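Next up: the structures, one after another.
Both of the next two complexes hold chain A, though its partner changes from chain B to chain C.
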Partner chain A sequence: MAENREPRGVVEAELDPVEYTLRKRLPHRLPRRPNDIYVNMKTDFKAQLARCQKLLDGGTRGQNACTEIYIHGLGLAINRAINIALQLQAGSFGSLQVAANTSTVELVDELEPETDTREPLTRIRNNSAIHIRVFRVTPK
Partner chain B sequence: MENFRKVRSEEAPAGGGAEGDGPGSGPFADLAPDAVNMRVKEGSKIRNLMAFATASMAQPATRAIVFSGCGRATTKTVTCAEILKRRLAGLHQVTRLRYRSVREVWQSLPPGPTPGQTPGESAASLSVLKNVPGLAILLSKDELDPRQPGYQPPNPHPGPSSSPAAPTSKRSLGEPAAGEGSAKRSLPEPGVADEDRTA
Partner chain C sequence: MSNAKERKHAKKMRNQPTNVTLSSGFVADRGVKHRNRGGKPFQAQRQEPHYGTSRQRQTKMTPHSLLEPDVNEPSSSKVMFKKKGGWKAGPEGTSQEIPKYITASTFAQARAAEISAMLKAVTQKSSNSLVFQTLPRHMRRRAMSHNVKRLPRRLQEIAQKEAEKAVHQKKEHSKNKCHKARRCHINRMLEFNRRQKKNIWLETHIWHAKRFHMVKKWGYCLGERPTAKSHRACYRAMTQHCLLQDLSYYCCLELKGREEEILKALSQMCSIDTGLTFAAVHCLSGKRQGSVMLYRANKYPREMLGPVTFIWKSEMIPGDTSESRQLWIWLHPAVKQDILEEIKAVCQCTEPIKSTVCIPELLTSSQEKNHTELPDEKIGKKRKRKGDGENTKPIKKVVGDGTRDPCQPYSWISPATGIIISDLTMEMNRFRLIGPLSHSILTEALKVASVHTGGEDAEKTPHRWWIETCENPGSISLHRRQEAVFELLGGITSPAEIPAGTILGLTVGDPRVNLPQKKSKALSNPEKCQDNEKVRQLLLEGVPVECTHSFIWNQDICKSVTENKISDQDLNRKRSELLVPGSQLVLGPHESKIPILLIQQPGKMTGEDQLGWGSGWDVLLPKGWGMAFWIPFIYRGARVGGLKEAAVHSQYKRSPNIPGDFPDCPAGILFAEEQAKTLLEKYKRRPPAKRPNYVKLGTVAPFCCPWEHLTQDWESRVQAQEESSAASSPNGEETDLRRHMVPCVPTPEKTHQLSNEVGTSVNDPREPEEVMDTDCQDQAGTKMVMYPDAGENHVAAANSQLFVLRSRKLLKQLSAWCGPCSEESRAARRAPGRGQQELTREACLSIMDHFPRALVWVSLSLLRKGSPEPHTMICVPAKEDLLQLSQDQHYCGPQEAKHSDLFKRKILKQKEKKKLEKRQNRGCATSEGLGAGDPATGQEALTLGLWSGPLPRVTSHCSRVLLGFVTQGDFSMAVGHGEALGFVSLTGLLDMLSSQPPAQRGLVLLRPPASVQYRFSRVAIEV
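On to the complex of A and B.
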């Protein structure tokens, strides 16, 4: 974390508004797919699990069920994403398979010195992300 | 819990007994039985892990390496694997998710100023069983079966600076104006894009 910091000549009161350049920007594949779920630490775990379950099961008669969903987690949410995926698999009696991929995501922090507001400094750091594919298989 | 201290903790696969460290063990015994096993714990320092990992992989005899971690060490495990992939191009990856049961034994600290009594008499002991999610990541110099669940092909990208060309120009409209010059925007790893093709 300290490696990315630039040498400060000016005293920076770091307000440090953390800016995710990728916060509003979902990975380029998302727009065409309603079966992408992004896991975070703010929403209740049970609610996220129920939402994934509903996507896989579909409506009461099984309409609109997705054959596969992608669960994405960034940083601390990696654990939660794994938990959700494994819970889905455990509750499916063997009809669901999971496959996980990992990647690195760049995050940008903006630092505004208190003295001179015209000088936003940007700091770049990397974070780990996981993308878990949960898909239905026909039991052999 | 502030009156307790952790005495020991054991980790085992959930739903199974503790596996001995014998031949044929290891999370990827079926794919790479000779892989160097790096067990990432919560307090592990990434610098130390990477030093050992890069040194091991520098030897041509080492064909594969496994990073495994659970609970609080999960993110660190992924980070180590990603750093190694960046340093060493052309590694094939397989990621496996699993639950681990961790049994922790806590003992109560004696409350009085002079714990003169024999410890163990008044020390209450607490055993906690937790089911925590974890993962194991195999990175291999040799090719692996792409049909394995969790397979990720090596990153075809040659250099560290990826070209933020057409795909990001669309999104720049939604970007806040600040930081547009210095923000290094790049695709979240072409490896993720590859997933599209192999899925």
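On to the complex of A and C.
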């Protein structure tokens, strides 16, 4: 960790838009299970909510229904992830429970040089993420 | 009789014999008889109106007379006539008279002629259907076409004849060997070898030919698109699974020599303005793949040759500059010839080297001779293969380039610089895997080669190079490290997480050995996905430089690997000899070890959304191993795409497609011409009423993009604007002065001199600082740095052809201007920090002055509905359009008013003239020569609905001013609405941006060539 931090300071000192172009890379993610939902800010909120609801409900007769789903939100989408989870819970008449975890995700920014003599650089940036487990409980 | 009826009748009568001519004496007689025929009242009625008027017609109508019985007694006819007269009393009916007498001889003669005609009509088949097809349905039998005896006896003879004819026709097509002989392996191979003489076949050709629509392009036979309906499936494969493409048709040029010599030579062909060049540090070390735009030497920014990607071989001992370096330049076959010639010229490589590559070609040519001899032998006898006895050499499959001429050189050396250029086209296979599952497919399909340990059977194995490598502990440890990195890849879910252009060398075992029994789908393994330090290291820094080493760089090893490949047959036999069927085949030291190179291909790098879309890996293999890797990839669940999928990929990635999106390079111009030709042909094939009338729609050029006209128009437009406002502006005089100065420059000697100057300025861009940028002193500081060499360029620019703007600094500036900057904060944040200029009239003017005829690559996304197609026009919205849009969010755009078709009258006139001529020709055969010569000398045939003659002012032809054209456009499944890519005139773009209100900056209108509806879209320039 420490050795990664060290060049970062150097980078910030010499960072110049004339010499470098910033390119954001995709966040590192784990393989998706069927009950993982990554929330983004581009898709319509209702569509994402419906998707979660569908996963929990399963088919017409309730087959393939997931007992738990995981809603992941990163950065700006944290709000939306929480919103979705709470909406799900509110609409379930108490049969759904939520459990949230937060984490920090390391994001990689690539700095592409504009001149031939410079090496491309990478910066690590941290961003917060939330992972909400929405699961079914048998109502007492 | 109505016109349609007449036509119908003529059609009916078409196949009747026409040789029946009757002497004029009979006409009256026949006419009468005709009417007398009460049995055919309808026909008689139909003919009635003509009787009085035209006699000529009746000669045409002769067939009617055939229907009559020969026995035609006046008495009976009289009766009939009476009857008919009672039935219908026409005025003509009574006017005609019944003949008083009949001359027997002439009457008999005429009847005889009719009879013979009738007989002929009966014997001659009128339609082009087969005999059994003419039978009524109830008389048809199964397999009639096959078995003559199933037909009624009277037709058997004719059917026999027909069948023979059919057989005869077929025989012409078929080969002179029976099916079984043709399927025989050796004959098939010969046939295949013969067929790849003209167009190069990829190694996966047979596989593709069974599943794809094949096209012949750029000297190759390539799969265009799958025959299955799979547009969406292929898109899904790109985004979620894995799409496989055979890119072996890409050409590779190898440059060998001292590093500084190569760099010095190639630096003339590229410019740092367009991005990193061959000398970029990370590329030079061999760690990453680079991409660069090549221009004719010292001609930047004009005379573009094409885009290429390149990889340097990593140095074995870093820092040793005396060492000979190896550089591979990968390029598209359409641009290859130009670039190869230019590189040869730049490196002064003139002396061809006779290489050993010729040997296999000689071999095949000898086989060819052998093959051509075969037909000379007696047909009918069982032919023995000649090669069995004397020619013990087995016939070999063509591997690599089948069209290569053995006498032609494929590598050249320069005596001065020592650089060796060799053309490695088709010496390697290049497969591209796109999509997130490409990692798991790669890790499952490829198994890293096992290290050779036992030394006892070292003599026997053909893979000496691998044994030798394994003796060296250093290379073994390197191999282990490569293996470790490769294993890590399996734990990364998307190739976009890895640094762009990462290279990984590898030596793998034979992928056919662990081919699964059934096609399966490789899924990423969650167990492998551990977020450990090693993965982090890989993501951050990429593959270490040493691990990029691969034996594929070594020609000798590649050759030995290709030659010592176990054939599929042998492999399968060994597999069948296994004691436990279906168990793992262990070849031990006999297993081939194949050196490969993996290159990460970055997906979408620019822009804001969909980052990393379409990223993947390219696999380079030595030739001959194509199918051995292809099938294992497919068995792991890769879907295969063709050229069309490649186009879709580049479109969704918003990157220009080669060669269609390079209008300033010769290959691009050629492509546009060909495209225009095919589109025109396609257009002409439709009837005029069923195709759009482009003249009426106001589309001047529906099949091509007239870039030259566009840029010229804009240049003169802006000039005119400025002249009108010159008096008011303070520095107008100076710009005017320059304007006037410019046109007098283009004299041939001077341009030559100028180009030299430009050359020097490109070499040393900092030198010409004393440019005449006097009119924009206020921003000179930033300006000078922005395009230091532009000052001299612009003089040359004024008189030269168009080019595409690729200077990154300028593009960045433009892209900042394109977006709407309604929020003050955003603008404020951007402006001071990055040294960006504000969009001012002066700034625009100075850019316009420097690049009067430049095009800019833009991406357009539609605001609402509509999906643009190629050649869609990009137009400047008028003020009222923007106003209306701001008032009504659902406003979809203005409509183009109908234009009048100027050419319709001309076409009609031409047609009439032709008709007249035809009639004249028919009348007097003597004037035929004159008539035929006439239309040829006149104007070329006009096509209804197309603009002919020189184009008018393209920009102001329609109600909205034209800005540019779309080159790729479709509904984008990646973003969910229509998206387009195209070029706009730089002058026009700046003019538009500076006049638009900041809140709605960057809005344009799109109109497809066959529509009147304009639709709003937003321009973005992505750098």
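FYI, the second predicted complex is superposed on the first by the 106 of 140 C-alpha atoms of A that agree within 3 Å, B and C clash if a C-alpha of one lies under 4 Å from a C-alpha of the other, contacts with A are read in each partner's own complex, and residues count from 1 in each chain.
Operating definition for what follows: a contact is a pair of C-beta atoms (placed from the backbone, for glycine too) under 8 Å apart; a residue touches a chain by one contact, two chains touch by 3 or more.
What you see is a predicted model, and the numbers here were worked out from it, not measured in a lab.
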{"item": "Chain B versus chain C as contact partner of A:Ile124, first or second or both or neither", "value": "both"}
{"item": "Touched partner set for A:Lys42, first chain B, second chain C, both or neither", "value": "second"}
{"item": "Chain A residues touched by each partner, larger count belonging to chain B or chain C", "value": "B"}
{"item": "Partner chain(s) touched by A:Leu86 [first = chain B, second = chain C, both, neither]", "value": "first"}
{"item": "Which of chain B and chain C A:Leu107 touches, first, second, both or neither", "value": "neither"}
{"item": "First, second, both or neither for A:Ala65, with chain B first and chain C second", "value": "neither"}
{"item": "Footprint overlap on chain A, comparing chain B with chain C", "value": "21, 24-25, 28-29, 106, 108, 110, 120, 122, 124"}
{"item": "Interface residues, chain A side, partner chain C - complex", "value": "4, 17-18, 21, 23-26, 28-33, 42, 106, 108, 110, 113-120, 122, 124"}
{"item": "Contact set on chain B toward chain A in their complex", "value": "71-72, 74-75, 78-79, 81-82, 86, 93, 95-99, 133-135, 137, 149-152, 167, 171, 174-176, 178-179, 182-189, 191-193, 195-196, 199"}
{"item": "Residue ranges of chain C in contact with chain A within the complex", "value": "272, 276-277, 279-282, 288, 492-494, 496-497, 499-500, 523-526, 529, 531, 535-536, 539-541, 605, 609, 611-612, 808, 833-835, 1023"}
{"item": "Touch list for chain A against partner chain B, complex", "value": "19, 21-22, 24-25, 27-29, 75-76, 78-79, 82-83, 85-86, 97-106, 108, 110, 120, 122, 124, 126, 128-133"}
